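The structure's right below; bear with me while I get my questions together.
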Amino acid sequence: MNAATSAYDVVTLGETMLRFSPPGLQRLEQATAYEIHVGGSESNTAVGLARLGLRVAWLSRLGENALGRIIAAEITRQGVDCQHICWAAGERVGTYFIENAPPPRGIQLLYDRAHSAMSRMQPQDLPAAVFAPGSGRLLHLTGITPALSETAAATCRRALQLARAAGWRISFDLNYRSKLWSAAEARAGCEYFLSHADWLLLPLADVQLLFPELAGEEETPAAVLARLGERYPVATIVLTLGAAGSRARGSDGRQYAQAAIPQEGQWQARIGAGDAFNAGFLAAMLTEGEDLAEALRWGAAGAALKFTILGDMPLWQRAELLALLAEETSAVSR
Amino acid sequence: MNAATSAYDVVTLGETMLRFSPPGLQRLEQATAYEIHVGGSESNTAVGLARLGLRVAWLSRLGENALGRIIAAEITRQGVDCQHICWAAGERVGTYFIENAPPPRGIQLLYDRAHSAMSRMQPQDLPAAVFAPGSGRLLHLTGITPALSETAAATCRRALQLARAAGWRISFDLNYRSKLWSAAEARAGCEYFLSHADWLLLPLADVQLLFPELAGEEETPAAVLARLGERYPVATIVLTLGAAGSRARGSDGRQYAQAAIPQEGQWQARIGAGDAFNAGFLAAMLTEGEDLAEALRWGAAGAALKFTILGDMPLWQRAELLALLAEETSAVSR
Amino acid sequence: MNAATSAYDVVTLGETMLRFSPPGLQRLEQATAYEIHVGGSESNTAVGLARLGLRVAWLSRLGENALGRIIAAEITRQGVDCQHICWAAGERVGTYFIENAPPPRGIQLLYDRAHSAMSRMQPQDLPAAVFAPGSGRLLHLTGITPALSETAAATCRRALQLARAAGWRISFDLNYRSKLWSAAEARAGCEYFLSHADWLLLPLADVQLLFPELAGEEETPAAVLARLGERYPVATIVLTLGAAGSRARGSDGRQYAQAAIPQEGQWQARIGAGDAFNAGFLAAMLTEGEDLAEALRWGAAGAALKFTILGDMPLWQRAELLALLAEETSAVSR
Amino acid sequence: MNAATSAYDVVTLGETMLRFSPPGLQRLEQATAYEIHVGGSESNTAVGLARLGLRVAWLSRLGENALGRIIAAEITRQGVDCQHICWAAGERVGTYFIENAPPPRGIQLLYDRAHSAMSRMQPQDLPAAVFAPGSGRLLHLTGITPALSETAAATCRRALQLARAAGWRISFDLNYRSKLWSAAEARAGCEYFLSHADWLLLPLADVQLLFPELAGEEETPAAVLARLGERYPVATIVLTLGAAGSRARGSDGRQYAQAAIPQEGQWQARIGAGDAFNAGFLAAMLTEGEDLAEALRWGAAGAALKFTILGDMPLWQRAELLALLAEETSAVSR
Amino acid sequence: MNAATSAYDVVTLGETMLRFSPPGLQRLEQATAYEIHVGGSESNTAVGLARLGLRVAWLSRLGENALGRIIAAEITRQGVDCQHICWAAGERVGTYFIENAPPPRGIQLLYDRAHSAMSRMQPQDLPAAVFAPGSGRLLHLTGITPALSETAAATCRRALQLARAAGWRISFDLNYRSKLWSAAEARAGCEYFLSHADWLLLPLADVQLLFPELAGEEETPAAVLARLGERYPVATIVLTLGAAGSRARGSDGRQYAQAAIPQEGQWQARIGAGDAFNAGFLAAMLTEGEDLAEALRWGAAGAALKFTILGDMPLWQRAELLALLAEETSAVSR
Amino acid sequence: MNAATSAYDVVTLGETMLRFSPPGLQRLEQATAYEIHVGGSESNTAVGLARLGLRVAWLSRLGENALGRIIAAEITRQGVDCQHICWAAGERVGTYFIENAPPPRGIQLLYDRAHSAMSRMQPQDLPAAVFAPGSGRLLHLTGITPALSETAAATCRRALQLARAAGWRISFDLNYRSKLWSAAEARAGCEYFLSHADWLLLPLADVQLLFPELAGEEETPAAVLARLGERYPVATIVLTLGAAGSRARGSDGRQYAQAAIPQEGQWQARIGAGDAFNAGFLAAMLTEGEDLAEALRWGAAGAALKFTILGDMPLWQRAELLALLAEETSAVSR
């Protein structure tokens, strides 16, 4: 739009797709209309951060058509700066289809993302000027983008280098997608990011699949986290445990545990809970003095709120998150 | 319409608003359409009573436009006589917006009711002819109306005086609304009604806020009720306890307890459960010989049924309430 | 409800059905949901009259179930008194299905009304007390009800006799339904009403089918009307001509012509335009001094407005009708 | 369509209705549109079998209008052969209305099925050529059809005789409908089928109502099943127990028990769970070597999946059923 | 399903896509849900033929996932045999997006069909057994399929050869898609089919683009048709002229003209009007003795009816087409 | 968001409301849900300009609640900078209700905008820093804002002074709203803006009401425009004539006429056509060298496109406007 010089708190990079989902509990084949949502791990986190008041930009490559414009407009609406998107004429936008169902059937996802504009993004598509030196800035990446294609992986590596050169922090969510690559491929493809990021966000289930030697099924999260700390000693590592909450380890080796905050949200709303955790965690790290225990609390509050919000994006109010944190604190102190 | 001489079992007076709510779990900002409902504590109770077979009129003041007509038509549809509404050309109808969410976010209400036609109702707007002497008649008021404005409060007092002069019973639900006035204001503003009504319907939570000296947090409902009995010795007092059921005290000092009836209704449907309790309670008081224990049972059944009905109004069938009461009785006797 | 003594301007009698229609232009087989409307010629006219400010009651016989209650509630909502409906436990409510389509396909109706509660109505089901003597009162019947069954026909004849005895006017709309009976049967079945009503409302197309000797295809409406006048000399006769407007003949033999009022309504909304014409016409006859020319104008305005209103019922405001009449008048006078 | 010689694994016969249900939790009177579904016990089971890969035909008699065509088209869509339907010009299609509600209100059904085309089906309406000798074939009937009318009952008996003559198996689900006939009538009317079928599918609640001497309330399912085995010694008997699972007895007297598979489905989706059980059970009997324990497992999996699928029909994928069975097996073996 | 020996009147081959369209006049970016339709030129024609009573099979290659199953189920529902579809695991289904708008904006289509399963169909994917000798059989192809890919083109040529060898008729609709290939490519790619088909269905606008030397803008349709007849002397050629109707030339050189039948359908419904024309034309050719004038009339009636039907497929009743033809005849004769 | 120094092509100032409209042709009282739109004359024009590629900011005062946030988010989504909005805690957002209807009923608007946050905006609420000197910049106002309240009028005057001081152009659309003030009040209240603006956008109908001495009903637009030119000699004046197009007069006294561009849009979409005209006109003035004839053409194209777009805002693509202009040009030149 009109920003001559940009100064972002957080820049994210990744693919965002148009999501089609039948209303309510209908099967894809039962519905005569599909609801439209916009979802992508990195833009979900970007939206969560922007709604908490941070200045955020989202980088991506989108097909230059109505579908791509929907994605950019929806994310712009949430307060994320989308002016640096690389538009690709004649290319396609990734899509996915969700079929909601309670157990024992469960939620099923059908991806149609091959050949997308984002999968063809190249390092030179990055707006290099964005990565200017500054204080308190962060680049957030996930393990999904390097799985899209070799050029997408190279783009991620280049972004990391640019951010590092500018003195930014780097956060990386492993986010393993078994429909995109095997565990072995993911381990190889993510190693660069795991070993270069400052803040690692690691779902325990993903660690068990990719690093079986570090995380046996009987092992406690504390033990797994300790071993991860040995492998990546400089990083701050967060292990997310689903309903069991989360656990973090600072580069000083100290560990912090956080329970999940009780919620009665609906299973349809759980998509994006991890991205919401990330948004809460990163917001606290950037605004609350890198207090790990506090950041885990913000992450837990973000995930709990997401369970009450339909769609992929954490459409909360900052006041709601603060209110939930206040309750939690008082609950503890009483 | 066409009734030359009216004879009502119950007359209620209050404000009813148009309610806008996003479908399902959507946030207000996510929805592209809002569902329309009609809701007001007194008209909700009126509807519940009419659907149980009582002859009921609802008094109010409404903006003379499409929104006002929707409110009157919807309540007429449920069998309540709306011919005595005072229509105000060029004035506005109160509205409110609901955002449904399960915990930890919870339901949020956004009122836009200031300057409404009802807030400008004056004693002379009352259809005095309605308040004719007769047997078994009741005027039902709540603590919401006096909170709207000074003229609305005066109108309530005048209605009470007219009803009293005609030999009717008076019921009053405290119904404290913190968005309209402070606890101190509410206590002062409701005292007239509390001390003049025959039947008091008091949510325990409201009593705790308005009368902290009577209801400490550690106090049992029985003790609170006893103290209320001392303060309002002539009245029959019902203390509603939410999930803990209800408790009543007759003017003879005897107390009756009633558990809540188990229900698996949905949280969206809980709005209006208190009004439904009132409808059940008052219907029984008027038709079952003022048997307090029975009236509490009717109230409990009404509240439980409401949890299965969307919208603000208790759209039950009389047969459904009776069937539930029959089940409950046998359940108890076994 | 609560009217001890009733005084109606108009009483109507007939069958009203639940109507199912696919949204928009969809075929019945394409839709996954059908919109619900309530429609019946006599109740449509009753609603139109009530919304113009007249006191109206609708008599019928309805299955005592949720569907019957929907019909009664919807008509009550529009201000028509439904307290005299005869409720029939265990009987069915008539339904019909509409498939909207522009030419050359056209609108198709599928009736499922056989065995309905109304088809089993009997003269003794009539609330005889309603038919009390009075001034300015009217009974409105149509040729649909006698087609339903022999008992329904007898009920209509009995109602006519009761109204006549009470000194009321009788209006009768021929309203031929070829799916219910043949032209010959209709002629025989309607003769009683045609020869006993004060005001006859006759669609020209129906007259051509039932009375071919009076209305050849080449004949002008004026000539047809003259011959009808010879056959029913005492009655005021209105011939409705669709897009060609209407034409009336007083009992003095004088004829009046009225053009249709231009409208750009939608074809879906044309259902009920005849009933709306009747409501406008009858309202004027009852409130404007039986001025035939004026009543035709009201009828024309009513029909034109109906083309802008979805559903079967003429959900207008009195002010809208008056505004349209005012325009029309000025348009003529200029 | 185009099959000169047909070879079906399963043939079913019965009535299927158009179902109208308000969206979500709305009451019938609250909704402005009703969702359309197609449901009938026998066609539900047919659909479940077809989607598991079996060749299935459904026999019935349908009104030849848009509603009848919707029913046939929807069942055809699911892979069931509908070419043998008997079309009845001018006759009506049965309909029913559902009002969903959680306890304490519960789901209510309003049937409008009297006078339907199916209730007038006669033995000569059966496509006799379908019942050709062959191996592994099955006729599936339920106790609903003989309750519709005497001719429908005669048609069922004739179908059973034709199937028996062709060497097919016969399965029969008691499926007592108290709105169609009394327990005594049902017992008399179903005896022919109970004593001639090979595989009996008996809801315990129905057995308790129809055969009180066999199934007292305190009796264990095992005991009831044993007595049923004495009464129908040749048949394989399955007793379905709702949340308590199911229990079967082979003609050798051996019993097998199967727990219900845990599910978190929604109460709206429980309609048709019994038919889904039947589809799973019968599919296993026909394709897995008549292994009773295995067939009970398939039935349990079918019922559990149905709880996650809206509408009456079990719109599963074969792969989903197999996946659930695989989980169950491993769960047991661990 | 269960047809041992198949005998089809018509076999079609082509790609069918899932179509997403915003409700009503909304832009893609305005809608929060898209309506789902199934559309493909050849399957549209197949559906039209099946609903007119012909035995029809549709050949294609579909991604083996929920989207592919929706397409097959929807076409099966309409009475077309889909058992010969070639299912491709892991491949994608083509999709397209429609934005409806009246002039001057007009309807816009956004295709996302590259890399679809159908574009990878190969000659060996054809079910050769379908192409058995027989009488009165037809293969229908369009110029869309050869534009998809070289293998799809080869598959079409192979199908033509198989059909020819079996003694079938071949029909070919030029159906030029400028988004798939250039006019020059289309001319080269379609020449094989144009010169081998018996019945050519040629939109005049396409002929003008592909064969400018035959169809100058000032040329009359008669002249263009005559020149086409010189180029393809053996074929029966139909030139479709949009609102100007159609014109045919038999192999004997005689020409027939047919006006378009007036309709007041909606612009949203015009998609698929050409396919509906084809269905009407081909049905008449196959069932009415190859009477060209009559076939043009059936085509005109089919196109006119389609304008009243939403979606891509001509969901008519045979009776509706016959009724329209009867009207037209009498309209002409009068 | 994050722009340190802003540089806008256009700044607008005004009130934007939440709009509620029943779907399709329903009356407000028929609908059970209202569609939500965001509309305000100035923000509509701002959106149109932003979508044409200009840098635009919208100034306003909004209640700080969910409704206000919806308005800001929706306008942000369209690319307009909303960071300078003045947020007012506890104040209300204006709303309005639309009832769509074709003639003779017509569209009806019901405003509920009194006491809105915008009506309480004061000069000091303006972000003075926005009005920095620069080239090619424009402030766009309308006659609606000064009608809201005296403080709103003062705010407009202050904005005009700030813009003038910064060397910007001023455009002013008379936009008379008879529901807010009388013609005499409007004339007095707008005079300041009419006499200080550079570009005047004047609906002829408004001029006739406010300046009857300048615009008699028989007068030609050219004559009215000439007289307006005498009154406001320095300004460029555009007279918009509805279906008759538009006419402009440069400060040199030369007049230009432009016909309306034919469109087949729907009446529901005509709301906002004037604002769309303004967006087209102003965009051309700012980017095409203040060529009046060209700017009228852009305005005409903008209005024509708006008729195809639902809602209040001109959600076009720049390419669509250019394409329409190209057609128009070639149409003229041929």
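We just call them A, B, C, D, E and F in the order they show up, numbering each chain from 1.
Here is the rule we go by: a residue touches a chain if its C-beta (ideal position, glycine included) is under 8 Å from a C-beta of that chain, and two chains touch if they have at least 3 such contacts.
These figures come from a predicted structure and were not determined experimentally.
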{"item": "Distance-maximising chain from chain A - centres being C-alpha averages", "value": "C"}
{"item": "Classification of the chain A:chain F interface as same or different, half of numbers criterion", "value": "same"}
{"item": "Per Cα centroids, the chain farthest from chain D", "value": "F"}
{"item": "Approximate Å spacing (C-alpha centroids) for the pair chain A, chain C", "value": "64"}
{"item": "CA centroid of chain B to CA centroid of chain F, Å", "value": "46"}
{"item": "Per-residue multi-chain contacts in chain E, two or more chains", "value": "24, 27, 29, 32, 73"}
{"item": "Contacting residues of chain F [partner chain E, same complex]", "value": "24, 261-266, 268-269, 304-305, 307-311, 315, 320, 324, 327"}
{"item": "Complex contacts: residues of chain B adjacent to chain A", "value": "24-27, 29-30, 101-105"}
{"item": "Complex interface listing, chain D residues touching chain E", "value": "1-8, 55, 73-74, 76-79, 81"}
{"item": "Chain D partner contacts - residues on chain C that touch it in the complex", "value": "20, 23, 27-29, 31-36, 65-67, 69-70, 73, 92-93, 95, 97, 99, 110, 112, 114-115"}
